[in-house]
C-alpha cells in the first residue's frame, strides 16, 4: 500500500519535472543555447498562478488557471529570446549563459519585490480530496498533475510529429543552416522554441505550486533537476528528458522516504557529479569530428 | 526583358579577410546542366552558398531576370532556387517522407502531391518512406537530398559535389537524376572536382581556380 | 603607441589609487570604510574568478563555493578553537584550493555548460551541508563570534586599520595575479580559449593550464571568504548563497574579465551601487540583473578598457635579427608505419606507411576523403590511431600527447588556419616559442621565424585583420618557432595567389635545406612541382604510390584515384 502511494507520488512529481525538462530541451533544440533562466521560468509560472488566482473568486480550481499561466510564461519566453538570446546569438555560448543568468536574477528579485520571499501556494488543480482505489488512497491532486502533464506532452508530441511546423522545428534542431537553405525562417522557430519551452516550465510551476509551494529563490534547484534529467536522458532527446525526470522524482521520493529531504537533495548533487565523472561520453553530447 | 535561368555578374565572396571568390560572372540556362569545375578550395562551395544567401557577397545575382542579391535566404528560395549541399545534409532524425515534406509548400494537399511525384521519380525512396534518413546509404541520401530540392519545384538547382564519396555505380544514378531535373525545364548548376563526371553530365563547363572563373573567359 | 598608452595608463592608475586613499582616510565615515573594506575583499575574489572565467573562458559557478569554504574554515576554526589569523587564513586558502583540486578531476574536463552546471551542483551541495549540519556549521543561523584579525600581538581594529589591512592583501593578490599573468601566459590562455584545436601545436597543455587557473580561482576565493567573515565577525550560509556568486560574476563582467584593474573597478562599483541607488529598495537586485544583461550585450569587455587603453604589452625586443637562414641541425626523420583509423564503419586510414628523411620535402596528394588530414592528425597526436605507429629517432610517438609530440619537435600547420584574432603575429610566434621550449633565446627564434616567413613588416598586426595569404605564413612561422625537426603542412597553398604560393615554396625549401623533414599535403600540383623532392599519393586510407613527381602523376592508379578519370 505504502509503496503504491509512494510510486504515485513519484509519478506525479516526475510528470511535473518532465514538463520542466522537456521545456529545457525545446529551447536547447531550437537554439543549441542553454537557458539558465529556465528554473526561474518555473517559478514565474507558479507565481503567475498565484497572481491570477488572486484576481478570481476564492475556491476556484487550479486547472482553470492553466491557459492564463501558459500565455504569461510563453510571453516571458519571447522576452528571454528577444533580450537574452537573439542579440548575442553569434557570440560564444558563455555569453548566453551569462545573459540568461542575468535574466533569472531579474525574475527572482522582481518576484521577491512584488510577492515577498515567503513561499506561496497555488490552488489545487481540481480539489483537495482523495479517492480510494483498490485499497490505495490516491490524492486527487496527484492524479490531476499526471493527467495535465500527459495532456500537454501529448499535444506537444502531436504538433512535433504530425504538423509541418513540427517538422520544421525538428529540421532546425538537427541542422539549422540547412533548414534555412530550405526557406525555413530560423528566427520564427527560435521564438517558437522559447515560447513553448518556457510555457512548459510555467505549467510545471502551476502543477508544483500547490503541494510544494513556490518561492522566488527556487529557480536554482529546478534548473539543476531539469539539467540532470536531460543529461541522464541524452542531450537533446525529449523522450530521454522525460525518463530522466521520472528517475529523479523516484530517487528523490525514495531517498526522502527513508531519510530526509536535505539528504535526498545532497545525494542528488553528488549523483550529478558522479554521472559527469563516470559517463562523460554520454554527457559530452554532440560528437565533433575533428577537422583540423 | 527577362532572361530565363541564372545570371551572375561580378560576384565577390569574402570570409573575413579571406576572399573566396573574386569578381565571378557566369550563367546557367534552363534545360541545361552547367558544371562548375575546380579543385578543392577553388571557391565552388562559397559561390553556391553566396547564391543561396548562406554566405555574404557583393555583386548581382538574377533569377529569371530578377535580382535576388539583396534578399534573405527564404525569399531567394521563393524566387525559385533550390540547393543540394555538399555532404547531402539530410536531416538524420527525420524519416524519408518527413525530409521531403519539410521542404514542401505550405498547403498540405500540394505537399502530398509533390511527395508523390518525388516518389515516382525515385522509386528507391518510395520503398522506405518511414525509415530515418541516417539509415540510408550514401547514394540514397544523395537521392533524398535531390528529391528534397525537387519538393520546392524550383527553376534553378544548385548542387555542391553530388558525387563526393559515392561509388561509380551510384554516380551513374546521380547523373541520371540530374537529367531528370533538366527535363523539368530547370537550370542545373553543379559544382564538381570530378572531371570525369563533369565531362559526362555537363552541357557546358566553367572552370574555377583560386576564386576566379578561368574558362571560358566570357562565361557570362 | 603602446608605450604612450602604458604611460597614460600608469598615470590613470596612480591617480585612481591616490584618490581612493584620500577618500578612505579623510572623507569616509566608518560605514563607508566598511563598504570599502568589503570592496577589497571582493577585489581578491574577482581577481581569482578572472583566472577561470576570463582567461580560461569557462563559466565556473563554484567561485561562491570556494568563498564559502574559506569563510566557514575561518569561522569554525577561529570561533571554536580560538585559532589566530596566521593559522586560519592559510588554512582557508589551502582547503579551498584542495577542494578545487579534488573536484577538478570530474569537473574540469567538462566543456561549456557541463562545467557550469557541475560547478553549480558543487556549490548547492556545500550549501545544503552548511544549512543542515547544524552541530558544526550552526545551521541556518551560522556561527557568531568570529574573532578579529590578530597578527602576533597586534589586533587589527575595525574601521581604518582593517580597511588598510584588507587592501594591502588585495594589493598582494594583484601582484600575484600580475606575476602569474605575464604576457606569454596571457597569450597562451588566449590560444586555448580562441583556438583550442591548435593549443597542442603551440606547445600548450590545455588541461594543465586550466587546472592551474582553477586552483588560483579557488585560492583567491578562499582568501576572500576568510577576510569576509573577519569583516562581518559572523559566518552564515549567506557566504555560500547564489547571491555572492552572482555578485562576483557581475563585478567581473562589469569591470572586465581580463584586466587586473577591471577587478578593482567592478568590486568598487558593485559594492557602492546599492548606496547610490537606495531609492530602488528591493528592486535594486533587479537593476543589477539588468546591468549584467546590458553589459554582456553592449560592452562584453567591461569598463576597464574605457579607462585603460594599453593592450598586452609585448616585452620582446622589436629589432629583427639579420640572419634569415634557419639554424642547421642534425635530426632524425619521420617514420609512419601501418597507420589505421576507423570512424564508425568508415576506414579513414587503412595501413598507411610513409617515411620522410631530414632535408626532404615529401608531397602528399589524394582525393577528398583519402585520409590525408587524418594522417596529419595521427602523426601529430590530435587523434589516436587504431593500429600502426609513428616513430622518430626510434622513439615511438604514438603514445605521446599532442602537446608532447609538438614539444618533441614535430610541428604542423592546419588546413583552416588556427590563429586567435586578437593576438599579434609576434605574440603568436613568441607564444609558440616559449611553450615549445625552444633552446635558443626566444627573441632570436621569434625574429628568425618572422624574417624567414617574410613577416617582419606584419609583426605587430593582429591576426584577425590579416589577409588569408599572410595567415598561411604566420601558421608556418608559428610551427617553426619551436625549431622542429619535422614539419607537417596541411594544404599551406590552398587559396593562395601565385606569388604567395612561391613564397611558401621558398620557405619550405629553405627549411629543408637546413635539415627539416617536411610532409607537404596539398592539391595544387604546380605548387608541389616546384617544392617537393618526392611525391606520394593516397587513396582510401593507403599510400598507393610514391616516387619522383612525374612518375607518380603518370601512374594509372593515381590518375584514376586523383583525377577521377579512368584511362579508357
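By written order: A, B and C. Residues from 1 in each chain.
Everything below uses one rule, namely that contacts are C-beta pairs under 8 Å (C-beta built on N, C-alpha and C of every residue); 3 or more make two chains touch, one makes a residue touch a chain.
From a predicted model like this one, the values you see are computed outputs, not experimental measurements.
> Quick check: more C-beta contact pairs in A-B or B-C?
Output for the comparison: A-B.
> Please identify which chain has its centre, taken as the mean of its CA atoms, farthest from the centre of subunit C.
Taking each chain's C-alpha mean as its centre, the farthest from subunit C is B.
> Would you kindly tell me how far, in whole Å, the mean C-alpha position of subunit C lies from that of subunit A?
That gives a centre separation of 35 Å.
> State, to the nearest whole Å, the distance from the C-alpha centre of subunit B to the C-alpha centre of subunit C.
41
> Give the list of subunit C residues in touch with subunit A in this complex.
For this pair, the touching residues of subunit C are 57-59, 103, 105-107, 109-114, 116-118, 120-122, 124-125, 128-129, 131-132, 197, 242, 246, 249, 253, 281-283, 285-286, 288-290, 292-293, 296-297, 300, 343, 373, 376-377, 382-383, 414-416, 418, 490.
> Flag every residue of subunit A that touches subunit B in the complex, lowest number first.
Interface residues on subunit A, with respect to subunit B: 164, 167-168, 170-171, 174-175, 177-185.
> For the complex, give me every residue of subunit B touching subunit C.
The touching residues are 16-20, 39-41, 43, 164-165, 193-197, 210-211.
> For the complex, give me every residue of subunit C touching subunit B.
Within the complex, subunit C touches subunit B at residues 368-369, 464-468, 471, 491, 494-497, 523-524, 563-566.
> Quick one: which bits of subunit B touch subunit A in the complex? Just the residue numbers, please.
52, 54, 73-74, 77-78, 83, 85, 89, 91-94, 98, 101-104, 106, 108, 111, 148, 152
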